[in-house]
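Below, each structure is written out as structure tokens.
Each of the two complexes below includes subunit A, the first together with subunit B, the second together with subunit C.
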Partner chain A sequence: MAKCKYDWPEASDRRLIGKRINRIDGPTKSSGRAKYTYDINLPGLLVAKIYRSPYAHAKITAIDTSEAEKLPGVKTVRIIQGVGKEIQWAGDEIVAVAAVSEDIADDAVRKIKVEFEQLPHFVHEEDLQQAGDHAKEAGGEKGGDPDKAFSDPDVVISEGFYGIPTITHCCLEAHGNVAEWTGANLRTYSSTQNVSGLPGQIGQALREQGVNVPDNNIETICNYVGGGFGSKFSPDRWGIEVAKLAKAAGKPVKLMLDRNMEMEVAGARPSGYAQIKVAAKKDGTIVAWDSHSWGTGGPAGTTMPPLPYVLNIPNKITRHTSISTNTGPGRAWRAPNHPQAALLTMCALDDLAAKLNMDPVEFFSKNADLAGERAEVYRQELRKAAELIDWQKNWHPRGDKSAGTIKRGLGLSLHTWGGRGHNSNCNVTIHPDGSVEVTLGSQDLGTGTRTVIAVVAAETLGLPVEAIRVNIGDSKFPSSGASGGSTTVGGVSASTRRGSVDALQQLLAVVAPSLGVPADQLVAVDGHIQAKGDAAKKLTWKEACAKLQVKTLQVTGKNPGQCALGSSGVGGVQIADVSVDTETGLVKIHKMVAAQDCGLIIDLKTAESQCYGAMIMGITYALFEEKVMDRATGRMLNNNMEFYKLAGIGDIGELVVHMMTGPGYDERGTIGLGEPPVISPGAAISNAVANALGVRVPTLPITPDKVLAALEKGGAA
Partner chain B sequence: MRRKKGKLRELHKEGFSRRDFLKGASMAVSTGLLATQEAGAATPETEPGVLGPGAVPITLEINGKPHSLKVEPRVTLLDALRNRLDLTGAKKVCDRGVCGACTVILDGRPVYACNLLAIEAEGHHIVTIEGLSTEGKLHPVMTAFVNHDAQQCGFCTPGFVVACKAFLDKHPDPTREDVERGLGGNLCRCGTYAGVREAVLEAAKTLKGGRANG
Partner chain C sequence: MEAFEYARPTTNEEVVKLLTGAKGGAQVLAGGTDILSLMKDGVARPARLVSLQHVKELRGITFHPGTGLRLGATATFEELLENPDVRKHYPALAQAAEGVSSPQVRNTGTVAGDLCQRPRCWYYRAGFGLLAIYNGKPLVPDGDNRYHAILGNSGPAYFVSPSSLAPILVALNAKVKLHGPQGARELPVQDFFLTPKNDQEIEHALQPGEIVTEILVPAPGDVKMAVYEVRQKEALDWPLAAAAVVLNLEGDTVKKVRVVLGHVAPVPWPSPEAEEALTGKSVSEDAAWEAGKAALSKATPLSKNVYKVQLARVAVKRAILRAAKGEA
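Let's turn to the complex of A and B:
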């Protein structure tokens, strides 16, 4: 294939791409200098708080804000949802207050009186039989002839119930914004994954609510965001409200959610439960799948996870029931619907392998062809992961038969994701003094976006990473996509590459006459512009840029564009090694390994960090996390961080990450990595626990009470 | 009557640290308890000191410099640092003494600034993340966090760095197990613990080297 001018450099020419490079904003973050939305202090700043519904389902019958308005220090009180409105979840916004301090705003909220007509609520969906009118059929699929496949007398059939509850995003920086009007212009400081996309959303909502502001008068700034994980794409109702409060008060207003509301209304990964039947021939060939899944994502219910997951089983029937509940609305959570699909599929198949008395590595390798074009990737990753966990030595058939009350086991899971680069525009600027900047309306969620941009520009221009200034986090910069679905690295690395290649080409054209070498015979290497094959003819980067005289060189790079620099579609395998105390029910992680592909890796260090982080987040949802809803009140019981447990530094065991790179992988170009490694941990850990105990704990999180209940039904203890 | 600063510190150590308890009308209650504790002492307080509810003047010694301000007694040290002094490195996350994102060092001990009233911090030496890097030079713990990529979104990071610094001051030669126990009071959502573990061990080496040389 002909070389395209934007193509990634050959492996032998890469100085930076694929190496372990420190994130460029690391010093700013670790020294506490990074300013997040929550940290914005402006002169005259007011603080806003919200009166929220204490009921999960109710109609508002009266609102009295007079006492709040009288409170000294209160500047503005606004009704968000008025009399007659039907509230669908506890914590929904009813009245907003802006005051001179957070404490006074809280005082004012306490003085607001709202009367409700309570309505019946429904907040528990695990038992489908109880869902009644809240359950709605939500599609399904049929392929092949499942009836015939299941009735074949030569197949082994395994049936089970599996599930994963709703969890909350629990971003450490709560959702929120600061809004500041200067005349007809609105500036928002927003904790967002969507810098370029926010002004349009804010403008539309404000205009619909009678505030006439054109999108081009709105600027959104977000230099640092304290976690998003899929929950921060929209300004949310409170983001619109803060702009209205600021307009009414004539002062900037900050509105960050309190922790309890961050947990209740600003984060929810939909639940997924299923009754599943699977069949395989006695040699382990999977032949049939039958699932009835259900789950909730709040009032809107859910869509079916991609079942069966990864493996396209030839005879299948699926059916999904969507359940609406009076709980905070579901939001995208890293790899939407995939952790659910992985847990449901990989646990059902692991139970089938156990019934066949097959080693799961052998079982999944044997069936890898069902994964289609990535079959070989999965086989390689299964081999690698098995090697890293020393599967041969450590695996035993289901049920640890060793003496003692502590049982040990291994479990694995496979996953997949797309991750094609999003639309991205960037300006690459080369100044006459030799300084360089790349500017785009992107955001860095902690994934390493800034660093990736700097590495690509530096590699292309033959400069060190530190020579590149990266400007992101402002919607007035060239528009770049939202950071979701693992689309950012592919988008920004491609736009930066194209912009940098074009900028360099223009610089070489300026420099060529003075070196007496045609521009197409010049290259940028090690801080110099020099003739190919004749290092004597060269200028330092600074000398070369001085030839621009007073003309700053600026080029726009775009994605998509000429030459494919990325693609879509990854695999990934994870294996967990756990022990379970059969007396206390406690699960302990000894070790987890990840073998992960993602095409061409720009910065190996931050790529590995994505995997480590995802495994830890996965350990957390496998063992600890659940949004516990109270049947009686319809409220979340653990809307705080002492009872909504996150794993601590002592809970994670040994973690090993192996990125699949080199020939066969690099040619795929850049592919996103934020989602894939977070998909498998739940299933891998659940399978490891089943392997240890000899009995399945059917739902996450695998808490001691569930372990003991499962053992009661019959296990190794 | 003025409160006795040293005694308020004792009060905190005794565990009267739930912020909601202290925040409301509780200053009278807590100083009352203080008086009770002192009842057996040779020179008992004659009456409990009552502060607020209005703002009271205090001076906080932060990173070696005095800062005078007026705060309502219910204002936490964290809110005073962040909202009044623009020292925003300490973060507000759980706001009830669980996650450690607001960790500062008080007289050499790591404390949760969300769990301490600003008025309680008067008379104590407070060190925040801003006080650990001088003139743009990173503290060895910060450098180690950068080297081991012990940060992603970075929101828990300043609290972690401060906690690590305080931890290493007390445990200059920690094992991995020590690290896992000693830093169990800081939570991260992105999952940076693997890097933090390595970073603390590296920082311990760097700091020991520094001590040996200096």
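Let's turn to the complex of A and C:
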């Protein structure tokens, strides 16, 4: 077949792509040599702390910073929000202080006196009836004829309430920056998932606030980031303040959020609740959907999750109510709005399958055509996941009827995501000594970006992975997209591929005369440049590069560009096997399996790791996580790692990941993976618990109180 | 955290002097697993921290078949777990220590620190005071009380005693030895814990300048014992309910039994109701369940913690069955 020049190598020619390859920065990270923003300590560094609102809703009536300013060691005090400002959530920034040490900065913050006029706050949205003026209609749509479909006497209808609460991102490395001015130039060391995009945002905000600095004077550096999950695209207000403090003080300043504020103001996955009615024919064909959903993402409310999810039900009516609350603003959280949509849809459909007395694998396979072009992918993934969990043997209809107080159940969920590669530019450089580097303003969110870049360049140039130096994490490098929407692997692998192919082509042109073979008859294989079909005519990579003499070869690779190297759209099926102690309401995960496609996989190991990490994160939000807000004080009660519970190693059970690869998958090219596998765990686990108990625990997290309350209403116990 | 003075005495006498002589208050630093977080959260602001690390007389674990077990105040959870006499003669103490499922906390946390640690009530930890008063009203009864008390909670205290070891120590009739400006004194562990009646009182009996020096556990005799904790996570997590049981059996019949609940009340909660329900019965699933029900018969759950009643019943039942089985 006619191949486009940048196309990925055929399966038989892949030495590295699709294999399990260790992360190239693994040793650096695990030995502690990797420097995160938190580790940046510059000479003369000041530490900044922030006075934050203790109230969820209040107007500032007076600020007195005089005592703080007098404290020895305090260098700068800046009012962020002054008298008259209305605060909309507890923890919002009011005054920033930079001092010579963290202790002094903390002391100074304690000496700041702010007076407030307290205003009524609203922090709980689960009960829509209590939302009053905080609730606003926020759209919906209608398709087909739902009224007619629901009134058909031959359909089976299932109705229920389902929900998933607001959780916080809980990045292990808190949000924060170090800012350093050198003359008119600003450098920030930022914990970010948006290296190339940060200087523009910082510059614009500074200029709007009277600090005249052009974008080209700003450099952002982020070599390693301790988690972002969608919460670190923007410099945030504190990222602008730190630059202003540094300018005022004439010294570099570090401002990292404390853990409690990381949890209160720097992370919030919006909640999603819904009253749902679904109908199917007696043979299991889903015919109608009716949902009224609501949720909050803080003061700005929420938008409707994509309901119904994955399956395009022919007759449907949806309605969404957005609720504004006095809580920290919502941020994108790994697959924004999809975990909510999956929980709401897959639980409602699972309840319908139970009412129909149908096996969910059969039920979803039967209805997979509603997923459109990926119907067959879902069928294959359902088969694979069912096989991995031994569904035939382990599944039973709703309610484990076996004796004893421990009930076991299986549950599944489907998900989807886009994941098209973002815009990316990279420089591929071949030095005359044979060393190679790929340089781009990307970042490694923890996903293995560096490794993927190295694998692609090494594959293309016929070199081992270790031969490639990868430079990322600096905004002065060629600009590359933010790591969001599962777009990074698609973007950087494509730009690196194009750059590497072009660089190789130029090298071959230089080398061709000395081998007496036309450049288009040369290939790079196993550290050599050699003639196609005549291995005798060859040079080692080093010898070949020496022909460059003093001319370093540098080529820019771009995405998008010529030849389609990636696409968009994945499926994914997960199944959970749980047991529930009906005396205590405790849920244990035995095993979870994921069957996941993402087109052509560059590094199977980091791809699988993405799925493992996502499943762990999913188990955690299914069983433990929620932002507990206090009605009276408007504060988050569990703003710490003690009562904001996260799963430990003993809580996650056995995880099995199967990546769908080979014909039908590889030819789609690269597609991102960071998000899809985190979407289904909540629904799969909720469905497994319902299967074990014979009764639905309507909302996540599935805690003992809720399990016991559900059992009171009836179930297998 | 505010600046503070740090003292490192080597004897009990010096400790007491340093504790009483500090303007602005002094606090003991043993394992530090609690006091440091209280200071970071601004809940405790001692002017002086008195480290017990170099006080040799506070260390160690010793056992004599006749007199029983002596736990030095600064013995760690890990030392307790590794001690063969503890494992052999007091398996339930080791079970309680195992419930602290963090190697870091087991390595640094001390047995006296376990008794003296402050409650984990999230209102208290957020700075609203031990009784969690806001605008003149208690926050707990109408607030998020999912982890609060279901017994002994008529107010104004609604928190639960966080101690892992106290329930089994009470069940074993252990005593705590204190040392203060007035010299040494001994108290039953049960009497060490108090329910504060107002904001001037705290949840234990230590007087100003007084420290715990030892925990003395009588020789167990021919008993079976167990602790059962209901925790949501395998990883470090506070129990939602716990029970400690010490059984004297005559054949299959319960001659005498002690049942003490943890994490359900402001103090470790002995249950004469459960003891009465089980005494004279042979141990069975049903008898244990009846004892669990009896233990909670007077429970007064708050708005969001009814579930803890069930968890505490189950803890009692499973502790009884675990004790009877003699599983270590």
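One rule holds for everything that comes next: the second predicted complex is superposed on the first by the 716 of 717 C-alpha atoms of A that agree within 3 Å, B and C clash if a C-alpha of one lies under 4 Å from a C-alpha of the other, contacts with A are read in each partner's own complex, and residues count from 1 in each chain.
Assume a residue touches a chain if its C-beta (ideal position, glycine included) is under 8 Å from a C-beta of that chain, and two chains touch if they have at least 3 such contacts.
Given the structure is predicted, the values throughout are model-derived calculations rather than measurements.
By the touch criterion stated above, A:S609 is placed in contact with subunit B alone, subunit C being left untouched.
Between subunit B and subunit C, the partner in contact with more residues of subunit A is B. Of the two partner chains placed by superposition, only subunit C is touched by A:R631; subunit B is not.
In the overlay built on the shared chain, the residue A:C170 is in contact with subunit B alone; subunit C does not reach it. When both complexes are overlaid on chain A, the residue A:M617 reaches subunit B alone and has no touch with subunit C. Legend: residue contacts after superposition of the two complexes on their common chain; A:E642 is shown touching both subunit B and subunit C.
In the superposition on chain A, contact of A:L445 is made with subunit B only, not with subunit C.
When both complexes are overlaid on chain A, the residue A:V465 reaches neither subunit B nor subunit C. By the touch criterion defined above, A:G32 lies against subunit B but remains apart from subunit C after alignment on the C-alpha atoms of chain A. When both complexes are overlaid on chain A, the residue A:I430 reaches neither subunit B nor subunit C.
According to the touch criterion, the shared surface of subunit A, contacted by subunit B in one complex and subunit C in the other, consists of residues 103, 640, 642, 646-650. Taken together, the subunit C residues at the contact with subunit A in this complex read 1-3, 42, 101, 120, 122-123, 125-126, 128, 134-135, 137, 139, 142-144, 146-147, 230, 232-238, 240, 304-307, 310-311, 314.
Residue ranges of subunit A in contact with subunit B, taken from their complex: 22-23, 25-27, 29-36, 38-39, 41, 101-103, 170-174, 224-229, 258-259, 445-447, 605-606, 608-609, 612-617, 620, 640-642, 646-650, 652, 655.
Residues 72, 74-75, 79, 82-83, 86, 88-96, 98-99, 101, 128-130, 132-133, 138-139, 141-142, 145-147, 149-158, 161, 179-181, 183-184, 186-197 of subunit B touch subunit A in their complex. In the complex of the two chains, the subunit A residues touching subunit C come out as 103, 106-107, 110, 583-586, 623-624, 628, 630-633, 635, 637-638, 640, 642-643, 645-651, 703-705, 708-709.
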